[in-house]
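Handing you a structure now.
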Amino acid sequence: MRSAVCPGSFDPVTNGHVDVFTRASDMADQVTIAVLVNRTKQSLFSLDERVALLTASVAHLPNVTVDVFEGLLVEWCRAHGVKHVIKGLRAVSDFDYELQMAQLNFRLAEVETAFVSTNPKYSFLSSSIVKEVARYGGDVSGLVPDAVSDALRAKFATTGGA
Amino acid sequence: MRSAVCPGSFDPVTNGHVDVFTRASDMADQVTIAVLVNRTKQSLFSLDERVALLTASVAHLPNVTVDVFEGLLVEWCRAHGVKHVIKGLRAVSDFDYELQMAQLNFRLAEVETAFVSTNPKYSFLSSSIVKEVARYGGDVSGLVPDAVSDALRAKFATTGGA
Amino acid sequence: MRSAVCPGSFDPVTNGHVDVFTRASDMADQVTIAVLVNRTKQSLFSLDERVALLTASVAHLPNVTVDVFEGLLVEWCRAHGVKHVIKGLRAVSDFDYELQMAQLNFRLAEVETAFVSTNPKYSFLSSSIVKEVARYGGDVSGLVPDAVSDALRAKFATTGGA
Amino acid sequence: MRSAVCPGSFDPVTNGHVDVFTRASDMADQVTIAVLVNRTKQSLFSLDERVALLTASVAHLPNVTVDVFEGLLVEWCRAHGVKHVIKGLRAVSDFDYELQMAQLNFRLAEVETAFVSTNPKYSFLSSSIVKEVARYGGDVSGLVPDAVSDALRAKFATTGGA
Amino acid sequence: MRSAVCPGSFDPVTNGHVDVFTRASDMADQVTIAVLVNRTKQSLFSLDERVALLTASVAHLPNVTVDVFEGLLVEWCRAHGVKHVIKGLRAVSDFDYELQMAQLNFRLAEVETAFVSTNPKYSFLSSSIVKEVARYGGDVSGLVPDAVSDALRAKFATTGGA
Amino acid sequence: MRSAVCPGSFDPVTNGHVDVFTRASDMADQVTIAVLVNRTKQSLFSLDERVALLTASVAHLPNVTVDVFEGLLVEWCRAHGVKHVIKGLRAVSDFDYELQMAQLNFRLAEVETAFVSTNPKYSFLSSSIVKEVARYGGDVSGLVPDAVSDALRAKFATTGGA
C-alpha cells in the first residue's frame, strides 16, 4: 500500500488512535491523518489545536502527516490519489457503522477500507470518555499522549470544569 | 395479511426503503407508508415534501399508499384496524432497537412486526448517509429514486450546501 | 400473503416455535411447517415423531399443516409455489445466520424471508436447551406443548437419561 | 459483597430498573441507587422528583437507599468506600457501552462492575420509551411503578403533551 | 452475597478464568468452582486433572473451592443452597448464549446470574485457543497458570502433538 | 505493506474469498494464500484439490501465490518473514471470532491483522453454504469461480449427492 488515510474528529487524539496510526504506518508507505471539519458539531478543541496535538503525537512516526478535510472523505481521497482508508475497530457497535461507511466509500469512489484491531488495553477508550474523565479531574495519563494530557488540564482549568 | 404499515421518517426515502415497500406490497393486500410527524427533530424535507417524494417513488406499486401519523404508531394502527408492521433490517444495530419497538408495540396493542431483510446491495444505505453525500455534491444516483435525487440537488443548490 | 413456510428441525417443537406458527398463521392464508430431513445429524426424535408432535401442537391453528423436505428449502418452495419463509428471531446470533440464509434463498430463487420477533418470555428457549433440561429430569412444562412434555418423559425414562 | 451502587439517570425509574435493584439487594448487604446529575442534558423530571420516585419505588427493599452524584462515578465510589457497581443488561447494544464503562471504571479506580440480566418481560423497557408512550397518552401501567405512572400523567396533563 | 458458583468445563483453566474467580471471591463470602462432567464431549484433561489444576490455580484465594457436577447446574445449586452464578463475559457472542442460560436458570429455579467483565488483556483467551497454541508448541506462558503450562507441555510431549 | 497472508480452509474457494484476495493484492506487494492443513476436520476437497482450485482462481492476480501450512499461523509468518494477515469480514459473528484470533496472533508474535469488508453482494456467501447448495443440485454459478463450479458438479455427480 503506497498511501492511506486515517480520518476522524480526534477531539482529542487518544492513545487508542496513536495505536492505530502506528499500525497504519507499518502498512502503508505514506499515511495521512485527515481531521474532519464539522461545522455543525461543537468540539472541545479547535481545528488548529487538534492538528497541533496530532502532529505532536505522531512526531516519532516519520511517514505520518496531518491534514484537514471538509465534506466527503472520498473527495479528499480523489484529490490526493489515495485509495485506502485505515480505521481502528474496538467493538461490535463500531463495526456496524464503520462497515456502512466502508461500503459507501467503495460505492462512491472505489475507496477501500482496511480495519485494524486496536490493542485490547485500549478497547474502552474514546475521545468522549477521555473528555468526561478530564472534565471532572480524573487522571487521564496513560490514556492520551502527554501533550493531550497537558492540553486537557489547561482547558478545564480555564473553564472550571463546566 | 390483509393490511400492513411501514412507519418511518423517510427524510428522504431511499432505494433501500423502496426495496422494503416492494417486498411489503407482496406480503400484504394493502400497505400504508406512515410518515412520522416529529416536531422535536429538524428534518431536511418538510412533511409535505416527504409525502410527495414517497408517493412518486411507489407510484408503480398499486396496493401501496402514503399517510402521516403523530404520536404512537399503535394508535394509528388501532384507528385504521391494522395489526401488522413491516420493517427492513440491515444490520445488528438496527435489530436491537427494532426488536425493542416490536415488543413494545405488541405489549401496548398486540400489533405484530414482521422484519424483511433488505437487498445486500442497499445494506449501507440510510437517509442520513444520502443527505451527507448530497450535501457535499456527491453522486446519489442509484441510491435514491430519481425524484429524490432531483429534490436533493435543488435543496442543496438553494442552501449552498451549508 | 397467500402461503408461507416455517422450516426447521423441530427436535422437538417448543412453545417458542408454536408462538412463531401462531404469528405466521395470522400473516398468511396458508402456513406449512416444513421439517428438514437431515441424514447427517442425529436427532432425539425420529422424523415421524417430530411430525406427529408438530401436528398435535398446531391442531388449534386451522390454516397450518406439516410437511417434510430434504435438500434445499428453495426447491420445496418452487415445487409448492410458496414464495415466503417466516422465521422467528430471538437473539443477535440468530440474526446473523438467518440473514445469510434469507439472502441466499432470495439469490437462488427469489424466495423472501419475513422475520417475526418471538415473545420475550420465550427468548431463552431452544430445542437443545429443552432436551438438556429433560435429559436430567428438569421440569419442562410451560416450555413445550403437553404432548412434547410427555414424549420427552417417555424418551428419557426408556433410555435412562444417558 | 458488602456494598454496591446502581448508577443511572432514572428519568424516570421503570419496572426494569426496580427488577435490577431487587436483584442487587439480594447480592449486596447495602445497595445505593446513585442518580447522575447531568447539567448538560435536559430531563423530564427534576433531580428531586427523580429521587422521590426512586425512594417510593424501593420502599419495600430495606437495604436499598438513594443518593445523587455529579462527575465521575468512581469518585463517588472512592468517597463512599464502594467497590462494586451493579448494572442491568438488556441487549447487545447495552453490552458494548456498559463493557466500555466497566473497563474504564476498573482502570481508573479498580471499581468492579457486575451485570445482571433483567427479566425478559422487561427487555424492551427504557426510560425514553416510557416517556414517549406517556407523552401521547399511551398506557404505561405495568411498565413503571404506580408512583411514576401518576407522575407521568400529571406531568403531561400540565404540559399538554408538548 | 453469601455463596456463588462459577460453572464451566475448564479444559484447562486459563488466566481469564482465574481473573473471574478472583473477582467472584471479592463478591461472595464463599465461591465454588463447579466443573461440568460432560460424558458426550471429549476433553483433553480428565475430570481429576481439571480439578487438580483448578485447585492449584486458586490456592491463593482462601474462600474459593472446587467441586464437580453432572446434569443441570440448577440441581447442584438447589442441593447446595446456592442462589447465584458468576460468569465472565468477553465478547458479544458470549453474551447471547450466557443470557439464554441465565434466563433459563432463573426460570427453572430462580437462580440468578451475575456477569463480570474480564480484564481486556484476556479478552481473546479461551481454553480452545490455549490448547490449539500448546498443541503446536506455541508459548502459552502468561495465558495460563504455571501448573497448566507444565501440564500442557507434558500432555503434548506424550502424544506428540497429534 | 510488503507482504501479507490470507489464511483459511478454502473448502472450496468462493467468489467472496476471491474478492478479498483482490483487495489484498492491491494492499500488499506480495500476497500468499495459506491453506490450513487440519487433520481432525473432514473436508470435501483434498488439500491438493483446494490448492489447485485456488491457484486457478487467482491466476489473474500476478502478486498472489498459494501455500499450505499446518499448526499455528504465526509460525508460518515467522518462517516466511510475513508480519500482516488480511481477512474478510462479512458479519458481526465473524467479527467476534476474528478479533480474538487477531489479538492472539499479535500477542504470540506481533503479527498484525487487517480486515477488509467484502462486497455486500457476497455477504451471505460461505464455503459451507456453497457445498450445501451444490450437494442438492442448486445453481452455484456466480457464487464461485468457474473451476470450482465444475469441480463441485463432478464431486457430487460421483458421490450421488450423499
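First chain written, first letter: the chains are A, B, C, D, E and F, and each begins at residue 1.
As a working rule, contacts are C-beta pairs under 8 Å (C-beta built on N, C-alpha and C of every residue); 3 or more make two chains touch, one makes a residue touch a chain.
The structure displayed is predicted, hence computed values, not measured ones.
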What chains touch chain B and also chain E? A, C, D, F
Neighbouring chains common to chain A and chain E, by label: D, F
Label of the chain whose CA centroid is most distant from the centroid of chain F: D
Greatest Cα-centre separation from chain A belongs to chain C
Looking only at residue numbers at the chain B/chain F interface, is the share used by both copies over half or under half? Answer same or different. same
Distance from the CA centroid of chain B to that of chain C, rounded to the nearest Å? 31
Can you work out the whole-Å distance between the CA centroids of chain C and chain D? 38
Would you pick out the residues of chain C that each touch at least 2 other chains? 92-93, 96, 99, 102-103, 120, 123-124
Taking all chains into account, which pairs touch? A-B, A-D, A-E, A-F, B-C, B-D, B-F, C-D, C-E, C-F, D-E, E-F
Quick check on the complex: what are the chain F residues that touch chain A? 1, 23, 26-28, 83-84, 86, 89, 92, 95-96, 99, 102-103, 106, 112-117, 119-120
Touching residues of chain E toward chain C in the complex: what are they? 71-72, 74-75, 92-93, 96-97, 99-104, 107-108
Show which residues of chain D lie in contact with chain B when the two form their complex. 91-93, 123-124, 126, 129, 132-133, 135-139, 143
If you look only at chain A, which of its residues touch chain E in the complex? 92, 120-121, 123-124
